[in-house]
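To keep things clear, I will list the structure first and then write my remarks on it.
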Amino acid sequence: MTPEVLLQGIVGGLLMGLVYALIAAGLSLIFGLMEIVNFAHGEFLMVAMFTSYWAWALWRLDPLVSLPLTVCLLFALGAATYWGLIRWILDAPMLAQIFATFGLAVFLRSAAQALWGVDFLVVKNPLVEGRISVGGLFLGLPQLVASVGSLAAFAGLHWFISRTETGLALQATAQDRQAASLMGIDTQRMFALGWGIGAACVGVAGALLSMFFYIFPEVGVTFSLLAYVAVALGGFGNVPGTLVAGVVVGLVEVLGGLLIAPALKYAVVFAIYLVVVLWRPQGLFGRF
Amino acid sequence: MPLLEIEGVTKRFGGLVANREISFQVSPGELVGVIGPNGAGKSTLFDLLTGFQAPDAGHIRLDGVPIAGLRPDEISRRGVGRTFQKLKPFGGMTVLENVMVGAFQKTADPRQARAEAEDALESVGLADRAHVHARVLSTGQRKRLEMARALATRPRLLLLDEITGGVDQRSIPDLVELVRQLHAGGTALIVIEHNMRVIMGISQRVVALHLGEVIAIGSPAAVTSDARVIEAYLGRAYAG
Amino acid sequence: MRPRLGPLAAFVLLGAALAFPLVFTLPYPRDVMIRIFLYAMLATAWNLLAGYCGQISLGHAVFFGTGAYTSTLLLQQGWLGVWASPWVGMALGALLAALLSQVIGFPVFRLRGHYFAIATIAVGEIVQTVVINWDAVGGARGLFVPIKRPDSLINFQFHESKRTYYYIALALLVLAIGISRWIVRSRTGYYFRAIREDQDAAAALGIPVARYKQRAMAISAALTALGGTFYAQYVLFIDPESVLPLSLSILVCLVAVLGGVGTLWGPILGAAILVPLGEITRVQLGGTGKALDLVIYGLLIMIVSVVQPGGIMALLQRGSRRS
């Protein structure tokens, strides 16, 4: 393995890592708000990717063009999930909470399979194609756009949470549900908003990924596991922390694949997660 | 030989010093009250004594043997029981089963554990609720359940954390009487309390904490008329 | 506390189960019953760790696979010479699964709640990935159990009829239930439940929490592995897709959750409903049957967790209390 290959890998891992960070940010937001892990987060991503695909297959809309549509749809899906499912289990025993979103994940995944089969689908001739060469390294343009887009969305999310009144209300609700409601914040709306935004993040990521990634019902599974790892590494509820954690996961994935074995790259990621969790259960930056 | 010795115990959480150089002793069978305004470090002290936190400095000895930094279950098995300020009943189990869990520390036989548990429930006055799920109990009943549960482990030292908190006025004398009976039975007790009348009525000695430090130790009368104690609770204007 | 299904009902059901193959002599009904017993047994094992001790494992397939692979490899490679019997393999598989569970538990039990659940998924994925890529144990192609004729109990293979498989599966279920019942009524069972309810309070009462969690995991893992060996000897072919997938872990959870987590009868009820349900969807819906029964499973899991997390057993209890 040459330094070029290694460097190429690192850059690739960095780019993918930004996408992971965005996906994980949505998950972390939801957890920070109500201490519920969305086990269907990967399936939300899958829905986003299929939305982009069908917008292209039916109406010839490029994923970048249909991105606003995808984001709106995913926002609606997130909010609807809150209203229809999560609202009823906010104070339920943890078993019920785990299984509620777990059941949703199974449902979405198999519904997609029932509707569209197991074939790997792909968006052909997207607007953004090809590679550019930067100092001897090749960067795929779709990947580059996806990472930049994810970073931009992440920055937007951070700005929203920390600078706008609604965002601050969200933070307040996350910190202390009762106090927030005593201050006049409608916690139900906050929760629905949180789920909507969390899903919307995944919507952006999914639309961007569909430019170059295979689209199939099981696609969410690996992404969600990587997202859990990123959230756990960054500290559950710590949205800025997921940026670093996402990148770490991306790098570990690539380096694990290069240095150990491509087939085992996810195994390496999960192993690293277990090691970190042994050493520091609250993650690298988390409040526990 | 004192039952419990606390020497120079200090605990920090980041920049906050929750307990600073705390030192006092408890003799076998003694009842010591611990008072102090909120944030004085009382519950932290209990966590240190029962293994839920480890001190950053100082020594804690039970019967002369160091116990600081041991796990909670290890300390419990050496004869230290506790109740929690934020109650922790085993909600999905019945009242009797809750207490049996405590009794099982001394016996592995379910029938014997059941008998012990029934006795403990009898002594706290919950015998008629034995087969009710713990989660439906009122606050006062939950407090008594916690006591019964801890009692079933036959502790030599029992730590009670604010047992009158959230309990209606009418039920307090019964709880106090219960504590007196425990004391009469030979168990040493450390009781955290906000209710001054309760503390005055039952304590042999009182330890007053403020901002993590011991500011007075002595008889109830002496401590509650100590100027620093009054200042801590009520402000300088009242200290005279 | 529990409905009065009681010993009488148990004996009646057991009698019916024993008589079943004498009445139904075709292979298909026996096969359905065998799978009901197998899933009920796996769910019972899972229930010990998750239902009674409160540690929600979503990666239990790992132990199933351990049992299946251990006994099959033993037979294939003939390692123990004359001792290479599936029964020895079964015992060995259970032992290995218990040991593996301790290794897994060491880091993973430091986590609580959701974090623990996620870690178990991660472990399951790691193991499945490793096995898929490990040619020495068959990799993605899987392993065939060497066929031995004639039918014999020692070789744990019966080609003429499913009857003996049926009774072995029933015996395994009875064993699992028996062990469960014994534990639940003992001090260990009380300690498990206390840990589930409130770990800190449990520790304050003298319970060495980590040790008991490991114990729960070991027993659960060993029992699950027994099921794995049975499966291997029944189907005579194993691969990562059939004995290690996340979907198997899901199904085991669902059986227990639907029937009633933390109860003795729940897993049996759950299996008695889900296995036939799976059959019906498969038969009715042909090729897409696989995905559609998972759609139904997903819906079921959601409905159960919102409406009645206690499962069918809880519904029955509410009903009997009202009357």
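All chains are identified by letter, namely A, B and C, in their written order; residue positions are counted from 1 within each chain.
The rule we apply is simple: a residue touches a chain if its C-beta (ideal position, glycine included) is under 8 Å from a C-beta of that chain, and two chains touch if they have at least 3 such contacts.
Since we're looking at a predicted model, the values are computed, not measured.
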item: Chain occupying the middle, per Cα centroid; value: C
item: Relative to chain B, chain with the most remote C-alpha centre; value: A
item: Length of the line joining the C-alpha centres of chain B and chain C, rounded to whole Å; value: 43
item: Rounded Å distance between chain A and chain C, as computed from the means of their C-alpha atoms; value: 32
item: Chain A-chain B separation of Cα centroids, rounded to whole Å; value: 47
item: Touching residues (chain side chain A, partner chain C) in the complex; value: 31, 35-37, 85, 88-89, 92-100, 102-111, 113-114, 221, 225, 228-229, 232, 236, 261, 263-264, 266-267, 270-271, 273-275, 277-278, 281
item: Of all residues in chain B, those that touch chain C in their complex; value: 50-52, 71-74, 76-77, 81-82, 84, 88-94, 97, 100-102, 104-105, 108, 110, 113, 131, 149-150, 153
item: Touching residues (chain side chain C, partner chain B) in the complex; value: 1, 185-187, 190-191, 193-194, 196-198, 200-209, 262
item: Sites on chain C touched by chain A in the complex; value: 50, 56, 58, 107-108, 110-111, 113-115, 117-119, 121-123, 125-126, 129-130, 132-133, 246, 250, 253, 257, 261, 288, 291-292, 294-295, 297-306, 309
